[in-house]
């Protein structure tokens, strides 16, 4: 299958801190990919670059054949006006455009529209797909009514799809946390994406909620939508992901199937940690023994 | 049916599966639904507007009523900018000035009839909205406040210094509305009923414009554009992520706000037939903002109440006129401290409808068939909703 | 030419004093204290009230001016602390728009409160500074101007010392960077914020007394325009940065001085505000301000 | 007699129930670890102990002092010092200034100087970088500054929130060694970690926290062998 998203040598620097440092990976159509790595490894920063919220220092991101990172002519770099121009939307792709191309995302800490109802939250996401002009809104033409009706119907369809069964007129802040997560996913789906980026969708969910989240993500994939998720809960990742990318210090250190990842010594050292029964921390031992122990571990599990 | 609905949406790669079940239809009665009640309330207000001249058509009453209506128009416009789009504008009166001056200059200097000056006014306001909107798009809310304030002062001082605007004394002798040779000045007799006072005509013109303005702003707020504004207000990044171009959404809010204010400005210019820079001081920007905030940002009934309060209070409290700005200042602080959403907040639910609202449903999921692990909290109800607070 | 620079320096030092308070308050609680300009006005009126109460008028004594200056500084400082306590502290967790609107309300209250007490007409400030000047390097310099510049510079130096070198100053900078982490260091955030309001307000009060003595007349709206200008100065310098506020104040003073000379005095404010808008459009962080990375 | 006692603490953020009748103890001189995933309520617990959030019900006492009523600055002055998640050092201030701020509640300059010397002794890397701005340090060095800052405050109980976050394994080990060293000099430590493996190595006892409540507890060795912990936190 062809690659839907191609990230090549992505770099992002904040001041002196390298948040993302040469990241490359690709997402194929309709697959579930998990991005894991320790806290602060640059996962969310990479997400923000891919969805065009951050402008990467260098590198390229190609989504569905379209470039998300645009190069400004050198003259603007020389004049140091690039940032200014970019902040006005020149020489960059705005996140809203990327969303129109078919990439949707959720945020690490829920960012629903707090003063809108559940239904309006989802309707808002259909902004780009709605045929509704200024005058038709003012005059309430039949075309406007049809658009609003279609929009509401579609939004309800997504709410049903994610399993939200509550009152659609409630303000989102009145919902329990797990329900808010659902609404956020419904909202992302309503943008009609080909690729869905989920940033820690399971954070703060309890066991049952996690199980239904797994079901939901599988259902989304069944619609033909590729899913990329950042997640800490290894249990969830192992159950869901077809492929895993491991980040550390903004670099990709591994890429493979869950089985390959759990047995990759580099990953174990950087992220999963080494099983070292001894209380005293002994560096030499840690280095020599790690491989042997890993083999034991993976052996016993499979 | 479904196909016709589909045509209302642009082609997109993914469509939602059809809704699984019919949600209960919203009630439509006057007393059992929010929208029904608000519509009825609006109807009553319109009836009152029409009936007022028949109750008391004295020059004084009509004059106060017209200025109150102009305030309502201004507040509805500012409400689009501040209440819906969440952009604090402290120089809003500048657009009012642009409307008043443009219509004044076109009618007195160029001698155009008032109705012909209308498109020019609207156009000038759109341009003014873009001029102030464009550079401020990427500013934070507090910088925005100062920039708009500066813009308001620039307009006022410019009007004060230019000769075409009449300098400090302003423009006099602005003509009234006239149609095909007949002017409001002439009076009219219809079916033996005499309308001698031009002020009564102004009242009706103002009432029609305001009704259109209020309904129009309300309709815009409910459609696609209004949802975009509110999304930008609640969370700009999330709005971008939903495919809303936040630049366009903000600029459009500025433009709509500017046009509403410009129309109000034209109404005022024709009503008073004279304008001067003193009517466009920062004080008035602050008063309009105060009306919107007192009433409830983003809430149509709230904003109307606020506008009526701010415009009528000085008339009702004649003896305290000296104190009114002091009282307004204190009131603003008190409202923010104790009722930050205003007197009639946008999220208000009619009290007798509150109990009908279902409580948030418990977490039910058909898919959660797997038994909880031993690590599951023993007391943990299935609707657990834990969230780490300290994360930023 | 030199005369323009000197005039700019005088006006600029007023702006800088007011801008410092603006900038400090913004730096520490991220609030545009709209009422700050009115504190400047209050400073002038406190001086006026005290002097009138003692029946003093048309004095030209510098020691008297210093006494009044100190008194006004303490009074306005306390008023600033009181305003923070009553109007801003309860809203510390509210949306910024709400606090900003509250600040506008406070500004209105102060302006029209003073108007109710002292009346709408300008009052003559009882202490004047003699305006006989000497020619120096081609510019006309009066003793009073030198006194004002010296006082302003002295106050700024003291402030710089407090912020850079003392324990409280360190705590202020820490709160500006991360209030919660500062709290975990044992910093009593409320007390430090009160201190900042005290210092900022007393500087504005000092500027008000000095302006009264310099221009000779005061009125209840005198704080409005200077509040705007001081904010402009703070933004040009980079809001939250103290040296930026001083630099911005002086720069704005110069700009206005030259602007009035070139375009005419009536366009002075238009020039200043247009400059602010353009400046913010192209460099929202100001000259010395740090680039803020917006975290998501 | 436990130094720190938390009993049935309930914390809400608005409508979100973050801690549900959470109870645990920390004894004098111990290293106690709270394990759990993101969102389990660990940081909330820390914020409650340092007075940043208030429990709706339940109690938290430290040597008989009620923490739920005390102000954050008084809690710090009493020697209960919280090193927050993500280190939160003051990025535009120098290392030295950061450390000095840690001693904000200490009035005696000699005591501060003494403790600064101790910090520079335990973490010589900081001495090399004392004039450098905090924001320019590496993650591990920033964590050292954060711990050093707490030491200057003279902690009797050190609350460490995810000290290993975002650090390379080798650096995690160094940080854990520092924590063990601080503990060996008599400071009680409450450690919150997602990295169970690293934490259980130095901890004496541990609690597993899930959705705001303790679900398992025991000595570090017991928990490290417990199949449920292995499955959820140690295994991959």
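So that you can tell them apart, the chains are marked A, B, C and D in the order they are listed, and the count of residues begins at 1 in each.
In this section, a contact is a pair of C-beta atoms (placed from the backbone, for glycine too) under 8 Å apart; a residue touches a chain by one contact, two chains touch by 3 or more.
Keep in mind that what you see is a predicted model, and the values were worked out from it rather than measured.
Student: Shared touching chains for subunit A and subunit C?
Tutor: B, D
Student: From the centre of subunit C, which other chain's Cα mean sits the farthest off?
Tutor: A
Student: So which has more C-beta pairs touching, A-D or B-C?
Tutor: Greater number of contacting C-beta pairs: B-C.
Student: Between subunit B and subunit C, what's the gap in Å when you average each chain's C-alpha atoms?
Tutor: Taking the mean C-alpha position of each chain, the two centres sit 35 Å apart.
Student: Rounded to the nearest whole Å, what is the centre-to-centre distance of subunit A and subunit D, using the mean of the C-alpha atoms as each centre?
Tutor: Roughly 31 Å, centre to centre.
Student: From the C-alpha centre of subunit B to that of subunit D, how far is it in Å?
Tutor: Roughly 51 Å separates the two chain centres.
Student: In angstrom, rounded to a whole number, how far apart do the mean CA points of subunit C and subunit D lie?
Tutor: That pair's centroid distance is 42 Å.
Student: Touching two or more other chains, which residues of subunit B qualify?
Tutor: In subunit B, 138, 237, 373, 375-377, 380, 384-388, 391-392 touch at least two other chains.
Student: By the touch rule stated above, which residues of subunit C touch at least two different other chains?
Tutor: 296
Student: Please output the residue numbers of subunit A that touch at least 2 other chains, ranges allowed.
Tutor: 15, 53, 107, 174, 176-177, 203-204, 206
Student: Report the residues of subunit C in contact with subunit D in the complex, numbered from low to high.
Tutor: 167, 170-171, 173-174, 177-178, 180-189, 290
Student: For a test of understanding, state which residues of subunit D touch subunit C in their complex under the given definition.
Tutor: Touching subunit C from subunit D are residues 50, 52, 71-73, 76-77, 81-84, 88-93, 97, 100-102, 104-105, 149, 153.
Student: Can you tell me which positions in subunit B touch subunit C when the two form their complex?
Tutor: Touching subunit C: residues 82, 86, 88, 90, 135-136, 138-143, 145-147, 149-151, 153-154, 157-158, 160-161, 237, 282, 286, 289-290, 293, 322-323, 325-326, 328-333, 336-337, 340, 392 of subunit B.
Student: Quick one: which bits of subunit D touch subunit A in the complex? Just the residue numbers, please.
Tutor: On the subunit D side, the touching residues are 14-16, 37-39, 86, 135-136, 139, 162, 165-170, 173, 176-177, 194-198, 201-202, 210-211, 220, 224, 232, 234-236.
Student: Which residues of subunit A touch subunit B once you look at their complex with the stated criterion?
Tutor: 51, 53, 87-89, 94-97, 99-100, 102, 104-105, 107-109, 111-116, 120, 123-132, 134, 137-138, 140, 143-144, 146-151, 153-158, 160-161, 163, 165-171, 174-179, 187-194, 203-204, 206-209, 211-212, 215-216, 223-225
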